[in-house]
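Lettered A, B, C and D in written order, each chain numbered from 1.
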Amino acid sequence: MKKIMNDPKNIVAEMVEGMVRAYPQFVERLPETEALVRSDKSSMTGKVGLISGGGSGHEPTHAGFIGEGMLSAAVCGQVFTSPTPDQIYAAIKAADQGKGVFMVIKNYSGDVMNFDMAKDMADLDGIEVKSITVDDDIAVENSTFTQGRRGVAGTIFMHKILGAAADQGASLTELETLAKKVLPNIKTIAVALSGATVPEVGKPGFTLADDELEYGVGIHGEPGYRKEKMRPSKDLVKELLGKLKAAFNYQAGDKFAVLVNGMGATPLMEQFVFMRDVLNQLKDEGVNVAFTKVGNYMTSLDMAGVSLTLFKLTDDSWLDNLNYPVNTIAWTQK
Amino acid sequence: MLTTDIILTWIHDFDKKISEKKDYLSELDTPIGDGDHGNNLARGAEAIEAALNKETPADATAALRAIAMALVSKVGGASGALYGTAFLEMAKTSRDTTKTADLLAAGLAGLQKRGGATTGEKTMIDVWAPVVTATKGGQLTQKIIDDAVAATKPMRATKGRASYVGDSSIGHLDPGAVSSGYLFTSLLEAGGAK
Amino acid sequence: MKKIMNDPKNIVAEMVEGMVRAYPQFVERLPETEALVRSDKSSMTGKVGLISGGGSGHEPTHAGFIGEGMLSAAVCGQVFTSPTPDQIYAAIKAADQGKGVFMVIKNYSGDVMNFDMAKDMADLDGIEVKSITVDDDIAVENSTFTQGRRGVAGTIFMHKILGAAADQGASLTELETLAKKVLPNIKTIAVALSGATVPEVGKPGFTLADDELEYGVGIHGEPGYRKEKMRPSKDLVKELLGKLKAAFNYQAGDKFAVLVNGMGATPLMEQFVFMRDVLNQLKDEGVNVAFTKVGNYMTSLDMAGVSLTLFKLTDDSWLDNLNYPVNTIAWTQK
Amino acid sequence: MLTTDIILTWIHDFDKKISEKKDYLSELDTPIGDGDHGNNLARGAEAIEAALNKETPADATAALRAIAMALVSKVGGASGALYGTAFLEMAKTSRDTTKTADLLAAGLAGLQKRGGATTGEKTMIDVWAPVVTATKGGQLTQKIIDDAVAATKPMRATKGRASYVGDSSIGHLDPGAVSSGYLFTSLLEAGGAK
């Protein structure tokens, strides 16, 4: 393992320090935590706070989405480990402007439990807290025999939609209603070309042969549903869109936002080729693509691969929310 | 009975085991989880040691609470919430009783409430539950602990990250069950199981 | 080699197609070329055109910087190969609004010659063309025995400064004067942890051992000045800042913009740790940091590593130019 | 003398050599350059073939111009600009003369103007210059070509990408010199050297 770091034990703390010092116009650190809050407090006034967080290693998620029109605060757990309730609680307090706080949680047992504990703490303070648990990864069967589907790259669409709504003055209850309506319309699936190495572990969580790929891998290297020999981009697209098509049962004329997300070590060049192939197949299928985004947004450290998210725009206002102005480290839009 | 002394001996020994078995626990967490269980608990063990060194707890409740707070605020992940909640519940109950069986039962109840899991789902519950039963009967032995840990191997996980791998979780020990096994071995060795 | 692509021969063409289809609000393709022009033509009216280009594989450079406040057009050559004069000429024509066109060239013999040939073609059309050749990589001795220093990540500061000036109505001659003044104040140096694999070549341009790094590597994998065993981030910073300090002979009180640039496969987490260590050392040295940026901007395909750029802000207006609003795929600022 | 026929034979053979030696040329470009010389020229060779297949050139000038345009618009990199310029200059000069030595001399002048290099800088100039001299004397031989190519090995590059590696460029053949060697071998074999 070669990583640009000092002591792996301090990597998250040092990353957070780097973030706040490189981008003081966007983020501030809450004292003695790895929780970050929006620097521009005036943009939060009178609005419901929107927070998120989870294990680190997915940068720019989540702190990269703090700013006007998106998150109020975010909590950086240890690498691939959900943050502790005291830190989440600190973020809730910092985000609260008297209108309550909405939490976007990714569906992992650790995240769910720790955010729950933080909510319990905030309850004692009389801060109203509601939440949505994003579970967009269709690689996992959504059965009673699992923890449910994992939360992955589609989470950033949830941030964007709710961030735009919160910025426009939506109430806590309105955000909850919106989040619940949006949730089943966001679905993601990934293909990995290599595993990620957690700094403290020092070796990849899984390995693939030189000519091998794996479909359905999670953002912490959770095993996928099939390994096979490396194939052209078009074939990868066919496989992943096939799964998404089955999950949505989409039809010609349906309207979608599309996110091609790099896992960390995959060059933009490859991501754009992949997006081209996605758009070609969707066009052939008569699907209407109204919004597109390509880049490293929900990474998995140094994993190579991409994930593909479709967000079915069943409500016209959602496209407005996607296009709503936003100003953060990782997503800025006029 | 869980006196302050026994609690401290117990936990110091547990912390030692964790720091020794850190890599092994993370390895167990790799095929069916995300490979961090050992690192998570090692952070907790260090934090417990730091907290206990900083201030010697006045009584059993203070000791259990200090342990709980260290776990809650330093471990993160599923195991941080779970172990933290278990010790917090034990701390609460310790105001009324020092009986090991009652305290562990309170811990187990906390675990189940927090994680929503029951036995047979291939989690730490599968160690806690038989240990609580055995302790109630005054019969906790190393064999009971070891058997409970080993029993998670053939199980199919239906809670936690391991549930994502479905049938592939079969044939692997559950990392949280193994670390709970260490917890109860330490308890036994500290003489706290009776 | 595992890459998400179809035929490696078409990778640039397919990438360009992916770009224009994913981001039609920013870029349009010039017919039968791999040259892209700004979609928002009205933002170009009455202004000097600003173009750049070079080999592909450095994404988001250059096309990711097309947009209001930055480039008018960009040309995507084959991977690591400067574009052909006819394509550059097409970009010149598309960028020209009657006020002339300014070209930002990176100092490679191929780029210089091909941009020169394009200028010759534009001369025949009566389009006035001027240019700057960026040579910010201090890893190479700037002697008469070399092609001169290479153009690397600091180029994006040149784009930003000139883009802001052009947008504010600077004339072609003013841009040339500004570019010449800025040029010696931008210096960069890199450290690589792994080589990059050109798709058509199929194996890395160079390899490093599992515990080895190389200082001074270029963005096409040009050899650096020293290999050594992997070291902590702080030590890498000490080495690279040492070189930059010697090159600038900087003093306490000097004012800089700092860019930490990921080479492609290095996670943001590591880049932020590295930036923290840079800012710590500069603070210890009493240097004033007025602008910071962290991310994958001038990549080298799947190379792991980072480059560090210092831009000495000897003129106060340059900071205004860095902060000037911009709207592109890869750099958007309110 | 460079008749249209000889030019076509010459260039078809060169294109064949390039496509055969593509990987080797890129390998030569790896230690002292960026590993693309073979790929660059292979694109050019394909483009030349396509252009010549599409329309048979009416005369030598048309042939040389078609070759130049294919190189200029499809190769890119340093070699695209250089080979493109050389053939463009040859095309211009071919309006006045068909003498090989004069045409190659015009090509060399174009190369030198475009790249600013002179002999001894470890570039293709180090093959073009002796070849032009030998052709002027009517004496071009395979040995002269091979020697010129081989002579680039001990040189230290001071132009092009190879100049970045400084002394480490010593001991490697220059890829552009090698490809120019193929060009002149093909010329010799096509009977165009006299």
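Basically, a contact is a pair of C-beta atoms (placed from the backbone, for glycine too) under 8 Å apart; a residue touches a chain by one contact, two chains touch by 3 or more.
Going by UniProt, the chains are A, B, C, D = phosphoenolpyruvate--glycerone phosphotransferase.
Note that the coordinates shown come from a computational prediction; the quantities given were computed from them, not determined experimentally.
Graph distance from subunit B to subunit C, where chains that touch are one step apart, equals 2.
Averaged C-alpha coordinates put the centre of subunit A at 31 Å from the centre of subunit B. With each centre defined as the average position of its C-alpha atoms, the distance from subunit A to subunit C rounds to 29 Å. Per-chain Cα centroids separate subunit A from subunit D by 53 Å.
Rounded to whole angstrom units, the spacing between the C-alpha centres of subunit B and subunit D is 74. In subunit A, the residues touching two or more other chains are 79.
The touch graph of these protein chains is an open line. Inter-chain contacts, as defined above, occur between A-B, A-C, C-D.
Contacts from subunit A toward subunit C in the complex involve residues 2-7, 11-12, 14-19, 21-23, 56-57, 59-60, 64, 79, 193-194, 210-213, 230, 232-234, 236, 260, 264-277, 279, 292-294, 296, 299, 301-302, 304-306, 327, 332-334. Contact residues of subunit C toward subunit D in the complex are 55, 77-87, 108-110, 113-114, 116-117, 140-141, 144-147, 150, 198, 200-201, 205-206, 218, 220-223. If you check the complex, the residues on subunit D that touch subunit C are 26, 30, 34-36, 39-40, 43, 72-82, 84-85, 114-115, 156, 158-161, 163-166, 168.
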